[in-house]
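Think of it as A, B, C, D, E and F in the order they're written, each chain with its own count starting at 1.
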Amino acid sequence: MKISARNVLKGKVKQVTPGAVNSEIIVEIPGGVEMVSIITKASAEKLGLKAGKEVYAIVKASSVMIGID
Amino acid sequence: MKISARNVLKGKVKQVTPGAVNSEIIVEIPGGVEMVSIITKASAEKLGLKAGKEVYAIVKASSVMIGID
Amino acid sequence: MKISARNVLKGKVKQVTPGAVNSEIIVEIPGGVEMVSIITKASAEKLGLKAGKEVYAIVKASSVMIGID
Amino acid sequence: MKISARNVLKGKVKQVTPGAVNSEIIVEIPGGVEMVSIITKASAEKLGLKAGKEVYAIVKASSVMIGID
Amino acid sequence: MKISARNVLKGKVKQVTPGAVNSEIIVEIPGGVEMVSIITKASAEKLGLKAGKEVYAIVKASSVMIGID
Amino acid sequence: MKISARNVLKGKVKQVTPGAVNSEIIVEIPGGVEMVSIITKASAEKLGLKAGKEVYAIVKASSVMIGID
């Protein structure tokens, strides 16, 4: 499936922290950057997420803000 | 100001495309990755966004999805 | 690609309304329901969206609210 | 109250899974489709959500993405 | 209709700026605070939004970030 | 850091409820209004959030809906 989301960053799962209904996923992307994602625990299990797995961090453009110093 | 958003990626504005109420901002981040952001035109002007400006692309963790091949 | 988003509804594009940076997409899903989506104009063009095309309306679970009468 | 959100889908609660601060709500909508929602536990309790209750799954248009095969 | 969104702030429309597909709505709430909303132009028209109209600015709790100085 | 988010409301933390991965933060803003935020537990701890602390509730304009009676 191809998706309209403009931000699709390839990386590798670094850590999965499961909660009761949500799980926190930390993804390492090239350039030494980390992305943190909160998805449902059911999704994390269905996708078989665990440290080392190759994944994409996906973000809709309307969810990206801009900051300046 | 420090913000709770877990994803704060340093980069440089590559392109600003203004619309009537929203503007599209393309940000280059290290590792050859681009982030695309939609913010209000008023915000883009207030922050003085233009090509070459150093900025941060900011995303709340709950807005990040995970995909696998 | 498989995605963590819990809501993936199959349907057919009914109408595409392009703006300057965003486009509005109306999708008909089974059961006589319509879903309305705002994505970037660039994404709508890249995916070749036009009336009649089979698509999925995709929503992250954390973006779904509940209402009662 | 009438709301600006363009997607208001009538359905019936199928399952409520409470966590510490959030609850997962599964809603069956006509056409054999399910919608999954994450809302605060406090909201789920305030609305009296439980299996069988008639509800609406509500989504802002800017939160809907489009995918294609 | 009652909605799960935890943030429902009563106010008055101050300004409506229509674009091609989205409109920007500025709402004055008590305490001298303004809220800015981007909704589809179709929703703004359907709700009859114009300066002076009493409205609610509604935000899902998962869309609220926290900042500190 | 200055941020593109159009809604930055000054207030004071009233209550912090930690979950496994997310925490619920209630913020009192002037005019007797409360804002409820869900952020990651890690962010709540990193920002040192506790009752009485001065904070900002921050919301991107595209996350604000409008309701009418």
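Please note the rule applied: a contact is a pair of C-beta atoms (placed from the backbone, for glycine too) under 8 Å apart; a residue touches a chain by one contact, two chains touch by 3 or more.
Here the structure is a predicted model, which means the values were calculated and not measured.
*Asks:* Looking at the contacts, which chains touch subunit C and subunit F alike?
*Replies:* Common contact partners of subunit C and subunit F, which must touch each of the two, are A, B, D, E.
*Asks:* Chains touching subunit D and subunit F alike, please list them.
*Replies:* Common contact partners of subunit D and subunit F, which must touch each of the two, are A, E.
*Asks:* Any idea if subunit C and subunit D meet via the same residues, over half in common, or different ones?
*Replies:* Because over half of the interface numbers appear in both copies, subunit D and subunit C meet with the same residues.
*Asks:* Give the chain pair, either A-B or A-C, that is connected by more C-beta contacts.
*Replies:* Of the two interfaces, A-C and A-B, more C-beta pairs touch across A-B.
*Asks:* Between copies subunit A and subunit F, what's the superposition rotation on C-alpha atoms, in steps of 5 degrees?
*Replies:* In short, 120 degrees.
*Asks:* Just curious, how far off is subunit F from subunit B if you go by their C-alpha centres, in Å?
*Replies:* The computed centroid separation for subunit B versus subunit F comes out at 21 Å.
*Asks:* So the centre of each chain is just the mean of its C-alpha atoms; given that, what is the distance between subunit E and subunit F in Å?
*Replies:* The separation of the two C-alpha centroids amounts to 17 Å.
*Asks:* Give, as an integer number of Å, the spacing between the C-alpha centres of subunit E and subunit B.
*Replies:* 23
*Asks:* Listing for subunit A: what residues touch at least two other chains?
*Replies:* In subunit A, the residues touching two or more other chains are 1-6, 19-20, 22, 24, 36-40, 42-44, 47, 56, 58, 60-63, 65-69.
*Asks:* Dump the list of chain pairs that touch, please.
*Replies:* All chain pairs meeting the touch criterion are A-B, A-C, A-D, A-F, B-C, B-E, B-F, C-D, C-E, D-E, D-F, E-F.
*Asks:* Residue numbers of subunit D touching subunit E in their complex, please.
*Replies:* Result: residues 1-6, 37-40, 42-44, 47, 56, 58, 60-62 of subunit D touch subunit E.
*Asks:* Using the touch definition up top, name the residues of subunit D that touch subunit C in the complex.
*Replies:* Within the complex, subunit D contacts subunit C at residues 3, 5-9, 24-25, 27, 29-33, 35-39, 43-44, 47-49, 53-69.
*Asks:* Considering the complex alone, what residue numbers of subunit F touch subunit A?
*Replies:* Residues of subunit F touching subunit A: 1-5, 19-22, 40, 42, 60, 62.
*Asks:* Give the list of subunit A residues in touch with subunit F in this complex.
*Replies:* 17-20, 22-24, 36, 38, 62-63, 65-69
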